[in-house]
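Okay, so chain A shows up in both of these, paired with chain B first and chain C after.
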Partner chain A sequence: MTRRRYLARRLALLVLVVFGISIVAFLLVHVLPGDPARSRLGVFATEELVQLKRAEMGLDKSLPEQYVTYMGNVFRGDLGDSWRTHNPVAEDFVERFPATIELALAALLIAVVLGVSLGVAAALRRNGPFDHLATLLGILGISAPVFWIGLLLIIAFVTQLHVLPAPLGRLAPDVEVPTQITGLYVVDSILTANWEALRSSLLYLVLPAVTLGILPLAPITRMTRAAMIEALESDFVRAARALGLSRTQVVLKIALRNALIPVVSMVGLQLGYLVGGAVLVEIVFTWSGIGLYLYRSVIGLDFAPIQSLVLIVGVLFALINLTVDMLYFAIDPRIRVA
Partner chain B sequence: MATAALVPRPLRSALDVPSRRVASVWYQVSQNTLTVFGLILIAVVVVFAIFAPLIAPANPVSGDLLNTTQPPSSQHLMGTDQFGRDIFSRVVHGARVDLAVAGIVVSVAFVLSVVLGALAGFAGRVVDELVMRAMDVVFSFPPLILAIGIAVTIQQGGMLSLVVALTVIAIPPMVRITRAEILHRKESLYVEAARAIGSSPLRVLAVHLVPNSLPPLVVQATLTFGYVILETAGLSFIGVGVKPPAPEWGIMVSEGSPYVRTGEWWISLFPGLMIFVTVLGFNLVGNGLLDVLNPRRRRQ
Partner chain C sequence: MSANGPLLRVSELQVHFSTRDGTLDAVDRISFEIGANEIFGLVGESGSGKSVTALSILGLVPPPGRIVGGDIVFGGRNLRELPERVLRTIRGREVGMIFQNPRASLDPVRTVAVQLARALRAHHDIGRAEVRRRSVRMLRDLGMPDPEAALTRYPHQLSGGMCQRVMVAMMLSSRPRLLIADEPTTALDETVGAQLLEHLRRFKEEQAASILLITHDMGVIAEMCDRVGVMHAGHVVEVGPVGAVFRDPRHPYTRALLDSTLRIDRDSPLSDIERIPGVVPNLLHPPPGCRFADRCAYVLPVCRPVRPTRREVAPDHHVLCQETVIREFAAP
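On to the complex of A and B.
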């Protein structure tokens, strides 16, 4: 398949996927068994009032009409209002998004550093201690519930060893929030040379980041190990050895660099899954990102934020997948089929 | 396996009847320590589920309000929770809830995936495109977010909404596997032979293609079983799955989490451990089956 045809096909698929996601998000609220107008007004509202509210909310129109209105609003940046926080959902979302990004990036960083090192160590000595450790971590990563791991870490480091602060937020209550530049506390406090805030935010970040990092750790380790084994047995590594390069040079400069290509795409894909895991981790650590926001909306039956989050996260996930596929296609000439 | 190689080709397929195949798989599985360990874990949980009322020393939903948040002791093996309920009894009864949800989800997803995957792979063209693009759409959601969306939408259904949400996210990988198997086998000699002697397409599909495509699907179903238990617990932890006071593991971890911060660790620890042990069991068995059924993956 030529590059242009592949691109066209992939973009057509993206349009279809985004359309599907928007339909799912739309139906989420509009096929609810209950009457949103009535549930907003309470059981004591008169039938007349409910009818008025229905008209106001546009619920008396046909479903396709309502869908067009809904999508029109979305494209204007209007995601509806949360009746729990009394703010527009878009505003709430922008406010909380940096916290989730900070958590996800920190988790990914931990997973990449640990996963790649462990994967390389496992590949260098197959069936050695690091290989067994990698297998063990892999099984743990897909078998243990992430919220439970978070609680175990709290038990160990907070309530038993007393080395880390209680899991309540992103910063100690007596530390001032660093001036907002990116919204990522760690980055902001470095940029404003606020060392007290940096120390505090790092202490609060480490446990949730490690917890969330366990999810992508297993696949990254497995991928690195497999790619390294393949690279180490390849002709170019043999050639490098024959040229007399040192073992370190061969492993790090030649084999690892080639092995990292599939790992990079794997990391991209993991980003989407991290969002799902972030919901659970944010609940455990009362981390005020979009996961905790989603959780509180679910508990409070606040539908506008839930609907918007499904839409936004779904589209983001699709875009990440597309980018990763494109990168992969650009890097690896072998992928020219389907 | 060694004897099969000595048998001439026409006879070999006659010998390869399902019961023999199952026996051979069973033998190979039993050679792998980790897989056997996984089987034992699953067996323990299944025994818990079946004999829950006999094993559990106390009622799982009504507690003794004079004995709340007691640490593990000889009287309460895993301690008591904030309502004075015996955690061990709740953990044992929890096996029923979680295994039942996962059992239903995996069975329904299995049947639907075989039908959809076979349809897509066998009919091809428009049907194939329709089915597979629909799967792409489902696949392009982060699973937990999609499940939350579905579970919230049909929340009046209670347990039903949970089952529907988890079934939807379990289907796409199984459909892909089935379709790939069917596509791959459609061109094989035995299908051609069956066609040549006048078998109808439906018969070719039902008698030859589908049964031969099942092994990789069984592996996927085993792995899915563990995954569904994990997601059931996750959704219940968030509050959109099974509802309290049902003794579901995820709810129990969630109910204990505020107490973890004040040092009462046992309320969340043991139910979480049960989730881990059960999912671990299914993952070990799934990986073991994968090694047996797919020789390329076997380790030297």
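On to the complex of A and C.
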């Protein structure tokens, strides 16, 4: 099958998946405990008022009718209003999304760079010091909860060593927010040559990014190590060594290049889990991204944001998976889907 | 053999594999020489230590294997005493090696062009255009159909024979003085295999190079080699000129190998094939004496407890066996 036909099939599948996600997101409001109409009006509202509100919100119509109305609104970019912030959810989301992206990308960068290096070092010297370090980090990443690691890091670097700022947001309060281009403070500071903002945003970013990065670090390290060991023992690496190629070339250009193929799909999957981990990390570090927004919406029974976030994160996850599969075509010439 | 010493001299080479269950004695104090411009065959059953011997020469015995004794003298230098850095300049440039499974021996994610360029640039600084020119020429010399197109292909898009041609091109690109070919025809069909052997022979003639040809096929040995070493369970049991060894085999194992081959050649019914009885002994706990004793039709009481010594039965013809057996054996 050609790449184009494969892509077409995957896109068709994506439509189905998105449809499924939208149903789940839609039904969420009807499954969750609590009446959205009553929760807006408060416990002292009369039954008539609640009924009026229900009619106003369209909650008295049949479920399919409500779904069609809901999806129609979604396609118009109307995700409903948050009664907590009094803003349209879409607006709140656009405002907070870059913060989460910045956090997730930084965490992923840390996890990939550290995980791949550690995995390679562990594979090159099995049972060596790096191999033991990799095992230790693996156990830590699996068994220690993210928020706990975050708190430990805060105690160590903020409370004890005083080298990093308190976990309150993305910038020091006296530093002006860099001109918005991408919404990622680090990137925007670089683009606008705002070094003060860059320094501050990096200082605020490092702890939450490390905390979140520990989550995907363990699986990436383990996958790299296993794939690297397999590659190093392969016939083509032996043949490359018989050719007299340098060790660096054999390890990095041949063995690692082949070992990265399974690692890439692993990283794609981790990106999805990062969004889940981001909720906890954002709470611990008061990082004003969608994780914190979601948390506050749940606490406040603010249904519209919850519903929208389920939809958006679900679609995002599906898109990431599709991208990773497409990436396979680029990095593995052998892939011809049957 | 040339007058001014052999190109390669392996003496008392010993390779151990440390396993969970103990030390595996894969190659046990073997010795042989390969002269200049000579094809030397190494023949034996699977697991007899042929490939490990070959990899030892390049210093590429895979862990947990380890060379624990002996010397490998190539062109006057003892390869065992050279640091990895120097050994690397010998690999590919002076000693090349082609492997049994050509497709698996090529990098699956790179095109033929990239892999040939790697080989060409491993030891020489060559420009891009020159790399391409030489790549096409090498592939054409090896009988690759449409070499220009082949350069853009990935290994999985090529047949086994084509992969083998690519690997041979890579390994011959620096015109090594010694080429090790480890069962080069096993993965190929008959005609392609024959073409490859023909090419190896031509390479030897044109470059005045030597070849260490590893095979389990006595027919290939007879057809290709000047001299031959017969391996069994980590020992070289007989070594000498092909003519002498085939005409007058002195080790019972060599005789058995020849018998099993010759009978097939005579088109006799399969039931006539004389199978060599028994299996290669467990090398984790090798018997103290002769490792062929349990399978040998001429075994004597002395064979089991006493390790046989290497004896010269004729000029340049050595046998690892008890003298009494050799004598009994030689009697017409």
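By our rule, the second predicted complex is superposed on the first by the 300 of 338 C-alpha atoms of A that agree within 3 Å, B and C clash if a C-alpha of one lies under 4 Å from a C-alpha of the other, contacts with A are read in each partner's own complex, and residues count from 1 in each chain.
The rule is simple: a residue touches a chain if its C-beta (ideal position, glycine included) is under 8 Å from a C-beta of that chain, and two chains touch if they have at least 3 such contacts.
From a predicted model like this one, the values you see are computed outputs, not experimental measurements.
If you put the two complexes together on chain A, you find that chain B and chain C both fit without a clash. By the touch criterion defined above, A:113 reaches neither chain B nor chain C. Once the two complexes are laid over each other on the shared chain, residue contacts for A:283 go to chain B alone; chain C is not touched. When chain A is checked against chain B and against chain C, the one touching more of its residues turns out to be B. In the overlay built on the shared chain, the residue A:55 is in contact with neither chain B nor chain C. Seen from the C-alpha centre of chain A, the directions to the centres of chain B and chain C diverge by 80°, a value given as a multiple of 10 for the model superposed on chain A.
In the superposed model, A:8 makes contact with neither chain B nor chain C. When the two structures are aligned on the shared chain, A:152 is found in touch with chain B, with no touch to chain C. Within the superposed three-chain model, A:295 lies in touch with chain B and out of touch with chain C [touch as defined at top].
With both structures placed on the common chain, the touch criterion links A:243 to chain C but leaves chain B unconnected. Once you line the two complexes up on chain A, you'll see the smallest CA to CA distance from chain B to chain C is 7 Å. If you check the complex, the residues on chain B that touch chain A are 133-134, 136-137, 140-146, 148-149, 152-154, 156, 226-227, 230, 233-234, 237-240, 250, 253-254, 256-257, 260-263, 265, 268-269, 272-273, 275-276, 279-280, 283-284.
Across the complex, chain C meets chain A through its residues 58, 60, 62, 84, 88-93, 96-97, 99, 101, 104-110, 118-119, 122-123, 154, 156, 167, 170-171, 174. Touching chain B in their complex are the following residues of chain A: 13, 16-17, 20-21, 24-25, 27-29, 31-34, 139, 142-148, 151-152, 154-155, 158-159, 166-167, 272-273, 275-277, 279-280, 283-284, 294-295, 298-299, 303, 306-307, 309-310, 313-314, 317-318, 321. Chain A meets chain C in the complex at residues 233-236, 238-247, 249, 254, 257-258, 261, 331-334.
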